[in-house]
Each structure stands twice: as C-alpha cells, then as structure tokens.
Amino acid sequence: MPALPVSRRQILQISSLLLASTALPALLAAQQAPAGGRLVVAADSEPKNLNPAIVASNGVFFIASKVIEPLAEASFDGKDGLQPRLATAWEGSGDGLRITFKLREGVTWHDGKPFTSADVAFSALNVWKPLQNLGRIVFANLEAVDTPDDHTAVFRFSKPTPIQLIRNALPVVSSVIPKHLYEGTDIATNPANVKLVGTGPFTFAEHKPGEYYRLVRNEKYWGKDQPSLDEIIFRVLPDRAGAGAALEAEEIQLAAFSAVPLADLDRISKVPGLKIVSRGYEALTYQLVVEINHRRKELADPKVRQAIAHAIDRNFVVDTIFLGYASASTGPVPKNAPEFYDADVPSYAFDTQKAEALLDEAGYKRGSDGIRFTLKLRPAPYFNETRQFGDYLRQALAAVGIDAQIVNADSAAHQKAVYTDHDFDLAVAPPVFRGDPAISTTILVQSGTPAGVPFSNQGGYANSALDAIIAKAATTIDSGERTKLYNEFQKIVATDLPLINVAEWGFISVASDRVLNIADNPRWAVSNWATTALQP
Amino acid sequence: MKTLLSVENLRKRFVSAERDVAAVDGLSFSLGTGETLGIAGASGSGKSTLARLLLRLIEPDAGGITFEGSDWLSLKGSDLRHRRGRIQMVFQDILGAFHPSATVNDALGDPLRIHGIVAKAERSSEIARLLERVGLSSAHATRPVRELSGGQRQRVAIARAIASRPSLVVLDEAVSALDVQLRNRILELLVELQRENGISYLFISHDLAVLRAVSHRLAIMDAGRIVETGNTTDIINHPSSAAGRALIAAVPRLTPGGRPTNTMQKSEPTHEP
Amino acid sequence: MNLIHKLMKTPEGAVGFIILAIMIGIAIMASTISPGDPLRIAGRALVAPFTDPALPLGTDRLGRDVAAGIVHGARTSLLVGAAAALAAIVLGLLVGLVAGFCSGIVDEVLMRVVDAFQIVPGFLLALAFVSVMGASLPVVVLAITLGAWADPARLTRAQVLSLRERDYVAAAKVIGMHPAEIAVRQILPQALPPVLAISATLVAAAILTEAALSFLGLGDPNSVTWGSMIAEGRNVLRSSPWLSILPGLALIITVVGVYLLSEGLAKALAGDGPAMQGKLRNGAAP
Amino acid sequence: MNRSLRLIRRRLLTSIPALLIVIILTFLLLETAPGDAVDAYLLSIGGGDAGVAASLRQAYGLDQSLTARLWLYLTALARLDLGWSTAFERPVIDLIAERLPNTLALMGSATALSFALGSTLGIIAGAKPESIKDIMLSTISLILYAIPSFWLGLLLSLLFAVQLRWLPTSGIETIASGKTGLYRLMDIARHLILPVGALTLIYTALFLRVMRAGMVEAWKLDFVLFARAKGLSRTRLLLRHVARNAALPLITMLGLQAAAMLGGSVVIESIFAIPGFGRLAQEAVTGRDAPLLMGIILVSAVLVVTVNLLVDLVQAAFDPRIGASEASS
C-alpha cells in the first residue's frame, strides 16, 4: 500500500510538528505509554441513537466506536488498508458470492457473555442489511450468513458483490452488536441503543444529557495491555468557540473534528502545552461540492457550469477558508483514496475572463445592471466552512455577472429544500468520502433516486452513460477492472460537471501535549482509542 | 302641546364584582315640544344615567323610549347615527367635552358635516351664524377650544348642540361649573334659543334655583325613580316627597318667601300651529 | 421645533441626538462612504486595523473590509430596529385600539392573544420563528415584532379604555360620528403619546435582539449586520479581537444613543405632563 | 385574602385560553416549517433512503392529519401528559425536569442578585437626583444596559476563565466529579458565577434605573413634600416613604421582565454550555421536535404566569387599590 498523499500544507504541518519535540511522541505509534488517567474530550452533539450498527455516521462513531467494535478498522499500513478487530482474517470467493470471516477468539461482551459468529450473523442479517443507512446498500444482496463454528462467519450473496467494496466498507458498516440483547426485541427502540453493550476497550458508564458521556476501561478487553486510559469523558460543548477556551483552560484535553474553529488554530498552535494534529482523518475525507439544479435552464447548459467552475478560485478556498487545512479537488474522488483517484481529468483553472467568455457564448450577456441572471444559493449549514464558502461563492459569481442570493436555513429546512423540494439553483454540500465510491460519491450524480433522500442527486441530472458505469462497478468483482470503471466515472463527472468539486478536507484535532498515541490510524477519531494514553 | 318624548318604565342596573346598583329603576315621564322639564335630584339619584340612556350612550335593561313618534330604542347602527342629530346634549365638564386639540371650527364643523346640514361650501358661514347665535364672534372659529374661557366654551358647546337642529337638548348640569353671572347669561341664551326654535330641554341639575329659572315642569328623582312631578313652582313651594323636601331645604333662598335669584322670563312651550 | 429645542437642552437628549444623528447619517450615506458590496472580498484576510489606509479598520476572515461592514451594518441594524419597532407599534396600536374600543368578546379574545404573546419569552419565539422560516431581513423583523407588539397593545388598550369614558368621546357619539372615525380621529391621537414614549426603547431592544439572533447564526446572510460581524469575529476573538470589538462598540454606542434620546425626550416632555414611568420597561433584550 | 383569591382566579381564568393560543400557534409554526422531525433525524444520521423516511414518519405519527395530531396533543395535555420527544426519544416531562432546574438556578440567582443590587443602587442614586453619585450610577447603568449579554458573557469568560483561570469556562458543574451535598452545591455555584455575573450586571442596570425613576417621581409626591415640610429626617423619609413608593414599579418590572429574562437565557446558556431550557429549545427547533418545543414554551409560559401572579399578590399586599382594580378589570 503506497503512502497516503497529503496536501502540501499537511506535510508542512506534520514536519513542523516533527520539529517540535513536544509533539513528537504523538506521531510515533504504539509508543510506550503510561497507563491510567481520564481523558476529557469535546463533543458537539448528542446523537439520540448511539448504535453504530444502525446509524453509521461519524457523530455516532465518535463516541460508540470505543464501546462497539467493527470486524476491521482502517489502517495506515495494514493489508488492504485494514487492521483486524473482531475479525482476524477475511477471504472472498472468486465469483464474488461468498466472503468468509475468521473471528477473534476469547472475546466477551461487556456483560460477560461470549462473542460468537452468531452475533455477527444476527448483526448482518437483522441490523446492517435492513436497518443501517449504509448497510442497506453494501449488503443489499446478502442472502445468508452461515456459522459453521463459533468463530467463522460465511456471508453469502445472491449476486456477485465486489470484495473491494466490502473491504473498504468494513470499518464503517460492520459494527457488531450482541444478539442476546437484541434478539426478539424491537431493534430500533432497544434500550441498548442508548446504553451501549459491546466488546470494545471501554464500557458505557453513563450519559448525562446536555453534559457528558462517560466511558470506563473494560478490564477484560482482548487487546493485550489495552486500553491504557481509565476513563474517557465526552463533554458536550455545542458551541464551537467554547472548545478552544476549554482546552486552554485545561478543562478538556482533546477537541477532535475541528471543534476548535480553523481560524483560531494559528493562535492555538502557539499556546504552550497544546498541539495541532491534522492526521487521523485520512479515511474521513469531506468533499466541498457545489450541487447544481439542472432544472434551471441556464444551469442545464454545460458552458454555464464550466464558467462557474472557472469562476471559483480554489486556492482562495484552500488558503483562506480552510487556512491550508484542505486541498483543491480535481473530481469526485479525493486524493486521499489513492486506490481510485485519477488525476488525469479536465481541470478548471481560476479564470474569470474565460468564465465570462463562456457565459457570453452560452448567450447570457450581462444586462444593463451588469447582471446576467440571478440564482438561489443554499449553503449547507453544517459547517462554518460550508457557510463561508457560500459567502465566497456569492462574491465569486458576482465577479462574473451572476447574482447569487444566499438562502440560509437550519439543517432540517436545508435538507427539505434541497433534497425533497428541489428549491435551489446552487447548493453547497459537504459529502463524506467513505473509502469507496459505491457508498459515497456516486449517489450524488446517479439518476433515479426518489426525492426525499438526503445527500443524493436531487439536481435532476441524468446521464445514462454514467449510470451504466456506476451500475457495472457495483457488480464487478475484479478490483483492477472496478478501479478502471471508477477512473472513467471521474473523467465523465469532471467533463460534464453534474456538480462541481471544489476542495476536500479532513479535520483537525487539537490536543494537550499530554495526550499520546493520537492519529495512529486513518479513522482515528472514530476508532477505539485502545492505545491512546495520557501522561500524568 | 304635542308630546315629543315619552319614557316608559325605563330600567338600568350596573353590576360588577364589587356592587350591584339599580341606577334607573322604573322611570316614566313625558316631554312636550318646546317644553323644558327640569330633573332634580341628589347626586347618585340616577340623573346622569337617565341622560346617557336618552342619548343611547348606554343601553337600558328594560323599558321604552318614544321620540318624535317612533321607537327610539329600536334604532341601530347607521339609522341611529342619522337620527342622533335630533337629540343633543350639553355636558357638565365643559373642557372634557371637547377633543383636547379641537378648534371651534372642528367642534362645530363635525355635526354639520355628519348630518349634511349645509353644503360644504357654506359650512364656514353656518359656523359663523351659529357662533353669532350663541353670542360669540366668527373670529373665534379658528381658536382651539381649550384656549377659550369657561363661558365661551359653554357657548360653543351649546352651538354644537344646536348645530344639527335638534328637537331635544339634554343639559346635564350644564351650568353648574360656571359662576353666577355667567350662569345667568347662559340660561338667558338657552331660553332665547328655545323661544326662537321651539327646542325642548331636559334640564338636569341638583340646583333647584337654576331649575326654577328655566323649567316649565319639574321632576324630583330619588334612587332611580321619579318621586314627584308637576309644575315647578308648585313643587318648590309644596314638595310632597322626602327627597324633594331635602333638596329644597338645602337651598335656603328657595324656601317660601325667599326671592328667586333671577328674573328671566321662561318662554312658553310652543304649540304646533 | 420647540420639542427639539427642549430636547437639546437636556444633556441626555443632546448627546443621544448627536449620536443617533451621526449613526443615521452614516446609515443613509453608507453607499457613498463605502461604495460597492460590503460583503465583497477587498483584500488580504485578517489585516489588522490602522495598518492599511485603504482598509482603515482592517479585514475579516475572508478579507472583507471591516469599515465597510460597520458602515453598512449601521444601515441594517437601524433599519431592522426601526422597522421592527414601527411594526410593533402599529400592530400594538391597532390591536389595542380595537380591543379597547370594541370591548366585550372582541376585547376578551384580543387580550388573550396579547396575553399569549406576553407570557411566551419573546426571544424563544423569535428564535423558533427565524429557525423555521429561514433567516432574511423581513423574517427577522417580523420575528422581533412578534415578541414586541404585546406591550404597546396593552398600553394602547389601557389608554383607550380611559379615553373612551371621556365626555368628548360621548359628545362625538352624540353628534352621530361613525365609530371608526371616533376611534381614529378622536381616540387614537390621544392614545399615541405614551406608546410613542416607549418607541425608543423598542428600537433599542429590536437592535439588540437582531444582534443576538445574528450571533446565533440567524441573521440575513445577504446583508451585513453588526450582530453577524460579532458572531463571525467570535471564532477569532482571541487572535483578532477587533473583529468582534469594533461592531460591538458600534452596537453599544447606537443603543446608548437611543436610550439617551428617550431619556432626554422624557425629560423634555416632563414639563408638559407627568414623566413617563418605567422608561426601560420594554428594554430587556437578551 | 378574598381579594387574593379573586386575583388568583382571574389570572387562572385568563391564562388558560392564553396558554391554549400559545400551544396552537407553536404547533402551527412548526407545521409551516420546512422539514420535519424525520428530515432532521435523517440528517443527523448522515442520510437514508425513501423507505426509511416513510416508516419513520409513520412511527412518529407524522402521516396523520394536522388536526388529528393537534387534537391528540391537546387531549394528552389535558391528562397532564406533555408527550414524547422525537429528537431525544424520551418523555418531554423528563427532559424538562432535567433542564429546568439549571435554568431556574441561573435566572433565579441572577434575578435575586440584580434585584437586591439594583434596588440598593437605585436608592443611592435616587436619594439625591442629579447629584454626582446619581449621574455616575445612571451613566454606568445606561451603558451596561446597552451591552448585549452575549458580548458581556464572552468577555467575562475570556478574562476570568481563560486568562486568569479563576473560574470554569462552561458547564453547570464539574463533570463526573462524584461530588455530593454541599461540595456539589459549591461546585455548581462556582460554575454559575460567570453566567450569573453577566446577567446580573445587565439586569442590575435595569432595576437601578427603574428604582431611581420611581424615587425621582416619589420625591414629587404631595405627602412626601408635606413630610419634608414637617421636618422629617431625610434618611427616614427616604427609606420610609420615597423608596417604599418607588418599590412598586420595581416589582411590576419584575413581572414584566420574567418572560424576557427567560428568553435571554438562550444566549447565555449557549455561550456557557449550560444544559438548560434555552439550549433545549434550540435543540427542539433544530430537531423539529414539536412536542418538546411546545412543552418548553408551555412550561415557560406557566412560569411567567406564576411569577406575574406572585407579583400581583405582593402588589396587592403593598397597595390594596391595585388588587381591587385588577380584580374587577
């Protein structure tokens, strides 16, 4: 597996951290760490359903991944980018109809019952496939799970399913929950969804709504000498600007997922005792995307879309909005997914003259007031950066004679307006790349998704060639061939611009120097933190 | 003498959390054209309530009022507003009866406009005529009412009352706030107007001296009822009710043998030709 | 003229008048003082104030001119404040007038609605309203109005109730004046002064409420407001505190100006009648 | 006593329809909102397909008609059942019971402190209107009163929590401290110092100004002038007559401000991460959680009504005329 490419700024960041002796231990994985201690972490939301087997989202994983484990976790250096968790080995059959998992032995649930293949079979068939937001796609063709013995689970599919997809999806979709607590109950309302029972390094102790979650050390964890922390507290700090202050006041030791606003990082990095870490999010890449409503006749014209792409100064976006903690996008697959990434696609350099020429060519001349046409722009409200990019895009479009009126709405209203009512011309969205195009970026351009499905193609774009490639890749077993299909996919998207990919970014963690072994895998923030330690 | 107004068994109670008072309790009387009926009574006897009932400022609980030959109480909405010009009132509080920022023009112009008494173009000359009739000069027309003297104000109030050419004017303690000299002049004016226009007056007062000077007939009110009624002089000389005796006793100069305070000539009630 | 003269004689009135005159002047002249879209990117990001003559007050996170923002923000803040206060007063007058004049069932129903708006925390209402309706200037104005009209309504009704017992209203009725004309021409002008006396504090409260809404991210994204500038600057409060402090000062100075003016007015009017009580009764904004 | 009972009855009778209007308006507001509880939930879990959305809408009862849902809510309410929060999957009453004490502690102590402080300073300022002391206090209070609470909260937090580290930056108590009894109370008090301080500064300014204005008026009252002429000592006059008279508008103000203060908690709770009512309201709105939002608004309305009733009773005790006119109005 090749080294993961990171942006220039990231490299600078990492090397500067390497120079700073205080930050050094954090980057050396599995460093000899002191045991014990309570780690207090900022959390900005309280998911009402904490069960990662049902809700595969980063907000849930952030807390639940310490308690409930997947079959495998992402890894910087493991085979296929994976490291074993509850499964120790996996093997697909050549026809793509079976995958066999060897399961870890000697693992017990937090309530003392043994973990067996029956739990995996139950989770897969009764939870992942029917209930989970992503599992419904990945395991759509899962027919049965055979359990020849307590430590073997054989997944059987009705149609060929690419092992590449399953592998890439494992860290996200395969959280195993205990059959003995869920069987025969209403899974969606089971009390264990909020008071988690898993096999992970930490057990769920309490949740004080509005204040904190408390996880405590699992003394019987299967990992040798793991975990090293005694306790993890997720302190609820819904106000982002509050996290920086709490870190400085040493009330918390870690703020992940850019809980500290990017704009404040420059200053925070100079505060003694705090460090900034941009690693640990490589498999959690967010893409900054301009969604386009193709029902608008102006936007249905590829020239206009190209003009918009030329009007956006990606360097400004990366340097000013993301303060360098991002990189410019070339297409729908981020550079952080080297398995699929293809740089050889049409690109759109920042060039307002070209943009204006394209708009003139398309027949939309500037009016007497300098305006060509007016658009409704809806930036997603989820991140500071999406809103700021909305502000920027309005200005960038104004520069080429397009008058974009921003409509801000809260999350629910934004969701309804864009993905159900199609009440937008342009929207700014931050979709997540989840390791495989089949479960992330393709849904944004594929046609045929009914209205009401969040984060899907609701711009009315339909391209049968593109649809065909996406469909074919979903059942292509051969990894090489499947990758080629996705290369083709990237070319078409970058050429035809059903949407405009602007930038891709990971998050930033700010931590006390006392926190050790952070960012030791590409999904670190949402992994189990078994090795994370705290210097007294 | 033709009957202009007749009141039958009129009743009005005021009910609230604190009290329950029958302000007017079965009142009956009638009034002829060109006649002045004085209503006398101690304070709280229901005089003002009667005035407000007649002007439809409040509604009675029971009873009937016939005015100018038709049922006065059955009138509603715009029908009532159109007929309102026929009964007018002069209030006790001579300042409070005018809008604080009104000019004489406003005060007199409103009834003329509302009842269409004269065409718009003739309104200012009509106002001048009205002012002249109540003994003011047309130069007063542009003055704010609040800047006038008490006597001038009451003249404006009377001018307003006769502007819509009513057949009945209710005067509720209309001269009580004025000093004796002014009072006499106003009373003279009223009598003169009655003589010229044949207006009827319902003259409400607690002051028998005033009533004796202007009333053809007198009614004594007590606790919401009329306890005696008859010729003014007769009642003042020989009150038959306790309330009447008490009222007369309160005004020493009215006791038999005393001299009346003024020597105005009452006009005779006009008779229809 | 007389009133302004009296006003300028009180120290509060004079200072308040001058502050507001300057602010209103800036708001009116905003496009002349600082032409173009105040939201456009004018230079490097985070230029410190007083370092670049072209950008006297520096730039924000995206390189937008802070001076332009403050100048144009004056326009939005004052406009929102004045519009919301005006709407609240007009609505309050209307409801109070109808309730007080009609009495009976109409009064009872209207007053229960007024009660409803008075017992609900106005800011909660505004927050829910803007979140749900989406943030734009008219929605923000409406949201602030919803939380502010009940007081003027109650005040108007109390005035009307006492005024309608006056003889001059009875006199107007007696001459056959239409009830609508009585309400509008006879009662309204007299009911107005105490309601207008609280208008200044309504404006101040509206400006503060708009700022609080913008601070929570519920301001109109297409126009600059001081509240949104403060919120925007909050993320860099420690490294570039001027981004929050400058619009904050503008906001405080304006609100102080409004309060001073209302004090001065109350003093100037005190000669004409009893001074207004509870001058700040509507002032508490979050 | 009879008057008090009448007052209570009158308040209750007028409050019920008002509360009903509050409920219906809140309900309609959320009804017109773009996006419902299911949209909000799907968003929080990172998406889902149309089938999930439909089954969730059924589970939440959102497939029923508007009137059916309103009727269901009202009948449940009549049984004192505040319903089920969709955003938290818990009974609304539990959530409110959990958050309300925090807000009450915050607002209660800020109100009590500012009331005491404001009236005292108001007496000092109003003791001699237009004196240097008065002008200084009035000016400071005017400026304080113009400061937005969020701004003051931010600056206080920056200074005392981050720079000086004397006090915690946020929260209602030290998390998972295991403290009990008096130690826990002291811990909570420590956490409340900054938010309460910010609110107290602003509300003190308000009460000061009202008290002072009342005093200025009271000095002009006939009986005060008379008492002065009689040669009553100034201090005695000040406290016995003037301040006593000025206290009434202050108490009225307390009632008038109850709703505004409760609303003001939203911003302060957001800055200091206090799990209180204001924050719960925000979460209810974002989650399009109609029962929760209605529960919050309803409970805050009931609180405001209660405070006003208490204010009425206190005023009636102070000044018998007020009670009488209020009861008969």
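Per-chain numbering from 1; labels A, B, C and D assigned in written order.
FYI, contacts are C-beta pairs under 8 Å (C-beta built on N, C-alpha and C of every residue); 3 or more make two chains touch, one makes a residue touch a chain.
Every value quoted in this text rests on a predicted model; they were computed, and no experiment measured them.
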Across the interfaces A-D and B-C, which one involves more C-beta pairs in contact? A-D
Name the chain whose C-alpha centroid is most distant from the C-alpha centroid of chain D. B
Chain centres from averaged Cα atoms put chain A and chain D apart, in whole Å, by 41
Could you state the distance in Å from the CA-based centre of chain B to that of chain C? 50
Whole-Å distance, C-alpha centre of chain A to that of chain C, is 44
Taking each chain's centre as its mean C-alpha position, how far apart are chain B and chain D in Å? 56
Check: chain B positions touching at least 2 other chains come out as none
Sites on chain C at which at least two other chains make contact: 131-132, 134, 234, 237-238
Per-residue overlap in chain A, given as positions that touch at least 2 other chains: 409-410, 413
Mind listing the chain D positions that touch chain C in their complex? 14-15, 17-19, 21-22, 25-26, 29-30, 32-34, 142-143, 145-151, 154, 158, 162, 203, 206, 209-210, 213-214, 216-217, 249, 252-253, 256-257, 259-268, 270, 278, 281-282, 285-286, 293, 296-297, 300-301, 304-305, 308
Touching chain A in the complex: which residues of chain C? 37, 39-41, 45, 61-63, 131-132, 134-136, 217, 220-222, 234-239
What does chain C use to touch chain D in their complex? 111-113, 115-116, 118-129, 131-134, 147, 151, 204, 208, 211-212, 215-216, 227, 230, 234, 237-238, 244, 248, 251-252, 255-256, 259-260, 263, 274-275, 277-281, 283-286
The chain B residues in contact with chain C across the complex are 52, 55, 57, 80-85, 87-89, 91-93, 96-102, 110-111, 114-115, 160, 163-164
Residue numbers of chain C touching chain B in their complex, please. 166-168, 170-178, 186, 189-190
